[in-house]
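Okay, so chain A shows up in both of these, paired with chain B first and chain C after.
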Partner chain A sequence: MAKTYDFLFKLLLIGDSGVGKTCILVRFSEDAFNSTFISTIGIDFKIRTVDIEGKKIKLQIWDTAGQERFRTITTAYYRGAMGIMLVYDVTNEKSFDNIRNWIRNIEENAAADVEKMILGNKCDLEESRVVSRERGQLLAEEHQVKFMETSAKSGQNVETAFLNLAKDIKNKMDRRNPGDDMGTSQSNVHVTAGDSSGSGGGCAC
Partner chain B sequence: MDTFKRRGNNYIVSCETLLQTCKHEAKKLLETTAASKKIHWSHPNFISFCLSVDDVLSFGVRRRYVTSSRQPLTTSGRVLQELSKVFPVARSIYQMCYLPNTGKRVKPEYAGIHGDLSSERRILWIRVSLVERTMKAIIDQLLKSPELYYSKKSVMVHSVYSELFAFLMEGPCSLSFSKMKSIDSSILNPGPTELVSRHSRVFSSGVGEGEGVAVGWADNSGDSSEMWEHVQSLYQSSFNSCIYGKNNILMYPPGINVPLQGYLTLAEVGDTFYIKWLPNTLINGSGIKWSHVLSVNVTQDIAHIHCHHKKVEQGVEQGAGSEDDQQQVLYSELIMIGYNGIAYPSLMFPQSSSMLRFLESLENALHPRGCLEPPLWFLRQQHQRNRPNSLSSTIKKIAVYGSTEDPLEATPTDWELPPVWSQVFRVRVAKPHPPQQLEWTENEVEMTSVPLSPSPVSPQTTASTGSTSPLLMEDPFSWNDTKPHPLKKSNSRRYLMEKFQSKVSSQLLARYFYSWLSYCRHISRVKKSLSHLLLPSPSLPLSPSSPLSPASPLEIHLELEPQKLDKSLWEEFLSNRTSDMWNKIQKAIYNGGVDHPLRKEVWPYLLGVHSPLGDQSDQSHTSYANILTKWKRLEEQHYINNDPTSTSLNIRRGYTPTSTITTPTSIKTTPTHIEATPRATPPKIPDMIILEEEEDYSHNEDVVSSSEEEEGEELDSGCDDLIDDIPRTSGSSDGGERRPRLLESHERDQSEEIMDLRSEGEELSKREGDFINELFKIDKDVPRCDRDYSFFRIPQNLTKLRNIITSYIWENMSNGYSQGMCDLLAPLLVILEDEEITFHCYCSLMERMESCFPPKPGVTQRMSNLQSLLQVLESDFYDYLNEMPMGDALFYTYRWFLVNFKREFTYNDIFLLWETSWVARQLTTDNFEEFIALGLLQEFKAPIMDAQLDPSEILNLFTDLADSKNLNARKIISTAKHTIETLQNAL
Partner chain C sequence: MDHNFIIWMGDLNYRIQTSVDFSTEIIKALADLYQFNKLLQHDQLQQQQKRGEAFTHFKEPPIDFKPTYKFDPSTNSWDSSEKNRAPAWCDRILYYCDDMSYIKNLSYLSHPEMIISDHKPVSATFELQVKVVVPDREKQTIDEISFKLDKLYNETLPQVELNSYEFKFEKVKFMVERTQVLKVRNIGHRPVQLGFKPTPDKQDRISKPWLSIRPDKALILTSEEVSINLTVNIDSDHVTSFNKRTDSLDDILVLNLEGGKDIFISVSGDLLSTCFGSSLETLIHVHTYVREVPTGQLLDLSMSSSWEEYDSQALSVRKAPPPLDIPKELYRLVQYLLDHGLNATALFTDGGLSSEREKIRDTLDTGGEELVGSVYSVAAVLLTFLRSLEDPVVPRSVHQRCMDASNNPTLCRQVLLQMAEVHRRCFVFIVTFLKKLLEHSQENKMDAKVLASIFGEVLMNSTREEKLSRNKKTLSQINKKKMTFLYQFLANDLTVNYK
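Presenting the complex of A and B:
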């Protein structure tokens, strides 16, 4: 049976606890929002397949626990990631300040050429905002990454952000393997193995 | 559901049962959608709901509309068909599901849900109509005149039940469904239940579903995946071994005169054998009808095999020709007769030798559990061509049974069938021996590779050689003896028999020895790596039902153990508090848990807060109320939480993390400061609080104040503030009213406190500063804790939760707050309800659990224990995991261990699990959690290995199972207990 996707990209969502990583993920993968989502413990992931430039890209998005104490555990998963979303909360100054720390964390633990993007979440709470858009933009430019403000609650920019990130990854991959249409990307494509249970050759008299 | 008796009172009972099921399913369905707005149309809850609806709608249908399960249209579908003649809505649904003519095909947009299972076909129209939201109209129409379609004894005609059903359907009919996933992903990325059910389907019934008569497959669906499986089964795969395969076998299907060419196989699947025949056109893919496929279970279905061999010279029919035109026609025909007397279609082999080869393979495969009667060697003797008395060559030929002879060779030189020959074989299969209790399958495999027994004996029977030895004795040709003996003609037979007997006995001895040896090795491995996981002297004697417990005189006197802790037993204990009695209580709990109403009383004893033997020596805790006072005072002065999305049930004061205690002037001004700053949270509160509860805040003020009173009169101003805080959040106007009162009382208190604070120094101590930081973290998590659970929708309970957690943190600032702590507290609070008791119990629980929170290594330790368990008890799974990148990390178990499985099971299951693990610490093992984790892995090991899931897919599987609450806790608990017992016996 043919694969239903051409590439598999592993993405990672990191950021302080309570900024909205899980909500962003659920918004993207299931188009749903729940205001009382339970706090993430350990690590979890969700999948969604998107279409980019005619290719089917399966996005495997890993969601981590945000609290600092869990950082050493979650850093184990940085290495396989091809794209990382750093999320902060526009109504929480501290989470914005911590973005620098997260970026440093990425530099230490993730692949050198991983694609990054900074997301300022909860932008629907305009009245409670404490981090202006400009500041976020500035921070992103400082680290030479893209920036977007999102709201998992209203859905604003969530899809765009992921598609953007996926496109960047794909472009980088295409640049690296120019003629290689169906090439495997790094080492991270694997076939879902539902039907490959060893059929050997049959006898043919 | 097909076995309802439709007579008399049973009909009422059936109606009730059906409606009960339907209600239950609807409830489950609605609960699933409570969390997310939409539900996916392939969601297992939805499917089971549709099944229950179909049962109701099919029950009691008028006879003329009843269809058999073989027909493509189901009974309820038939009703729909009838209804569609008069009701346009139903017609549109009918057309969507079934094209008008064939009644069988499905429109492409719904093609994705026309799945593998026939049950999915059964509920097709129900699903479609629910998704299209026309089901309500259809049901109303049906209920307008149900007698048209239903008999008197049905749910739909009954006045009460039909109304109940209609009401029941209202909820699900108003749901909205998402069809987000693509068709492909649902097949290739199956959900967990799909995966598990696929696996059990494949392996329980054997590959392919041919049963009994081959003529006319029951479902004639030509379903492509079943076909694929069947075709694939013809080839050697890891799940079945093909013993014989031959192409160009003709079959005469009944009713058709022309023979079909096909491929015949004999395959071993598990411990049964299947003879399969597939027409070649099927394999080549030109879609022949499925009805000609033959698949027969040898051990269960075949009683006799008739073989006919005929060599006929047939005259040429067209015109006179030379003798060369005369044709010789060979028939080698094999007909199988089932136990019910029905003959399978006959199979024609091109040559007699190929038929013989087939028979030999069959006999070979059946051995040692079965044989053919008469055995083939007997026939060979009869039909010896050249040397009737040369047993040696006969033996030689027989001993080399089909393994070295070239299958393409025409005939063995020794024997040949006469021109006309018929023989009836009886297939004899001995009853299978039940597998032994100890699970050392890997050792058995190791043993059979020992070169003493190269005969095709399946590994399962190796351990059961005891019972099959009679067969062995009867059939002297049970193994390959490749050394021909130079025999003397006269004594040959007797000598042979003696030789064979001695060989058999030595082989048996060797087998027993090796199995004992491997058992000893296994025990030593267990001892070495797992003994630390069990208590040294288990105080739990082996249960009488355990097959491993040796019968000992002690057991005769063993009284029947209590199966769980119920009221009578508990009261007995309360009146007689001895350590024996306590031990009995603990065993009772270990066996079956605590009765729910008693848990509130019992748990403090289990956690050591109350001493079971009555000596109240444990009351040296700091009083809870004091703790509350201390930190509340700090909080009200220094904690402002500007985060609009956290609850912060307390007053917010001007605070930034680095501020110090301000001068008295600023303290005085803080009350006004509140009014001055526009609140960071306008009345439009937070997502974190369920909006409809806002009103409750103000109404519950009285309630809150009364509960505050319960906490004790020691609470001073902090308490008053609390009461006033809650209504404030619901509206600044309300808050404003109360504020003047607040200010007054506060100012009064503040003036006293100013002195105190100033005496403590001008800065917050480091501890206090850290504490305030922790408060921020706590307030991020408390509002998110289990808000779907009814208990935590009540704001007072959330307050209690927050109080307890914060008090704990205050007392244990060295660790600080970590995510997961709320999860450990929540079930305690639900059971115990009282804040103070819960606090003490929580402290006791956390004494043990605190080593799990990072950076402490508790979870890693448990993971490595689990690794050891896997390595010894589930070594195949262990190897499978280690082959994969990151496979040994077991990261999906992280969440299990951090919060003691709280996220994996429902609350009720958690109550049982936790109390069992607490008593286990006294009785059997300190590491009950690792055994539970092992049980979880064992439960799903088979589907995981079958589908070759990698670690991230395993994580997905378990999180899906946990989210859909599909884990059977009781089963896993009992598996864990059983494993513990096994290990105990081994040591």
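Presenting the complex of A and C:
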């Protein structure tokens, strides 16, 4: 069978236990939400293929156990990641403070050029919010990474966040291999041309 | 069929069936009178279509023109050649679509004005409804499909259910194996190959050295379950690091499902304090029983009041009782053998019973009144006690000197002088005991060589690293020298002033 994607990106979700990493992943990969909390005890992954600028990009997203006692083991998984989502819970001050520790963890264990993004999750819980949007934004600027507030419950920004991170990784890749740009635009044309003939026949069956 | 629409046209060469009653001349006449319906009843194509023999699903627009064959070339007159062909609709246009409502015929004509051939051309026009791609809808559809495929893929990733993620081994005893069962059930849609991953914090082992996992690989078919034994056994090799707090009963195992996730399994617990794996220096400060001192705190005892420190500080700082001459555990074991085992043959090679050995070790650690068991079990525990000491009775720092001196009794005696007090006391104590045994060699059949060989090894025990790093030949030479060193004390009177 032909390869069903052009690129494979490995992404990692990290952050304190309970901030909503697993829910964010389930929202993104299954468009579902479950409010019962089952602590992740290990490293799990799901995939989702997305289209970015005409390229099929398979995202393999690793969800990690956030508990402190697993810290030394989980950091061993940082190495292969091309992008990392740092997640905190806007209703939990401690999880926000810990983002600094998580960033230090990344600096010590992940590839130096890994793309990062900070997510303030549970933004649907406006009434119990303790971390303002502005503080999240400031922290992100301080570390020169993108920032977004998400809700795994309502789905707000979840998809956008992943697409943004994937796009940043792809852009970096394109900059590194400028030759590929040609390939991208050519295949764009090709895809459009193929649309009318190719899929016309295919879909009619 | 792969096609949405099929237009089939050409000289299909079907004729109007002639017969005795239906001659060429009649056909020509009917054609000239535009009596097409009468002629079509004899049209071979329409007959075959009706009988389902050809072009069954095809349709043909209604024919409202004269037969298109055969004319004299360059004229509009029927064939006048000798063959006198009957006119026929040879040239036809048929069409087909899965859903005939998508195709509509607008015209079906012949063109008699064309006279170059003996055929007249036919033409038809159709109106077709064709599918076109709406880019936005297409993208949406592809996204939906790929989302569903990905979801399906995620659902087929290996899935298991565990009976527990945490295993607690409480109150583990030295050298007593404890096993708990990890049950892994395959609740996914395909067989799962599982294995344990080495982790960097364990020097790339899958578990700490005192924890064994059996089996550590397994294939589980769907809905089936495997049982994996997690066995903790803290023996002489590991107990010292527990006493020194460089190790503890904690481990995180990484259970990997091939092609899928990793699951963390926590192992925790505690080792009951034990005299085994401790040091002589520590044990002489334990007046109560070891079990009453929490694991790891044994170390503090020896550090806070070493022998010399005690002398100077005893009055002011801590009113600790004076240290014992030798560890009471060593004393109890040897005394028992002196009382009951002097005449036993094979005292140190029999080994006794493991259940008895366990009870005896417990009694030493808990201060039970009596050692219960055969002399063989007690003798085996004595050897274990000596072998597991953090630093053996003859300290490692003097091993080389012992071996160098081994052929010379006087030099051997000098080495004894270089040993720290408690070590020297214990050494002399054991030598005295062994000599006592030799006094009974008539009954117990032991001789000095055999005892020197058994005790040379435990009194001057090499570390595990030393054993692993040397080859067999070197090791046997080393053991020979250690044995000779001890033999000098059994054969001569070298300890008399130290008793």
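In this section, the second predicted complex is superposed on the first by the 179 of 205 C-alpha atoms of A that agree within 3 Å, B and C clash if a C-alpha of one lies under 4 Å from a C-alpha of the other, contacts with A are read in each partner's own complex, and residues count from 1 in each chain.
As a working rule, a residue touches a chain if its C-beta (ideal position, glycine included) is under 8 Å from a C-beta of that chain, and two chains touch if they have at least 3 such contacts.
The structure presented is a predicted model; accordingly, all values stated were derived computationally and were not measured.
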Touched partner set for A:Gly18, first chain B, second chain C, both or neither: first
Which of chain B and chain C A:Asn34 touches, first, second, both or neither: first
Touched partner set for A:Thr49, first chain B, second chain C, both or neither: both
Which of chain B and chain C A:Phe70 touches, first, second, both or neither: both
Chain B versus chain C as contact partner of A:Leu138, first or second or both or neither: neither
Residue contacts with chain A in the superposition, chain B compared against chain C: B
Footprint overlap on chain A, comparing chain B with chain C: 4, 30-31, 41-45, 47, 49, 65, 69-70, 72-73, 76, 192, 195-196, 199-201, 203-204
Touching residues on chain C, where the partner in the complex is chain A: 2, 4, 130-133, 135, 138-139, 142-143, 146-147, 149-151, 153-154, 157, 165, 199-201, 252, 254-255, 260-264, 266
Parts of chain A lying in touch with chain C, wherever the complex brings them together: 4, 29-31, 41-49, 51, 56, 65, 69-70, 72-73, 76, 192, 195-196, 199-201, 203-204
List of chain A residues in touch with chain B within their complex: 1, 4, 17-18, 30-32, 34-45, 47, 49, 60, 65-67, 69-70, 72-73, 76, 89, 91-92, 94, 122, 125, 127-128, 130, 153, 190, 192-205
Residues on chain B engaged by chain A in the complex (per definition of touch): 35-38, 178, 180, 182, 184-185, 187-190, 232, 234-239, 242, 245-248, 642-646, 680-682, 686-688, 690, 776-777, 780-781, 783-788, 816, 818-820, 822-823, 853-855, 889, 891, 894-895, 898-899, 903, 946-950, 952-953, 955-956, 959
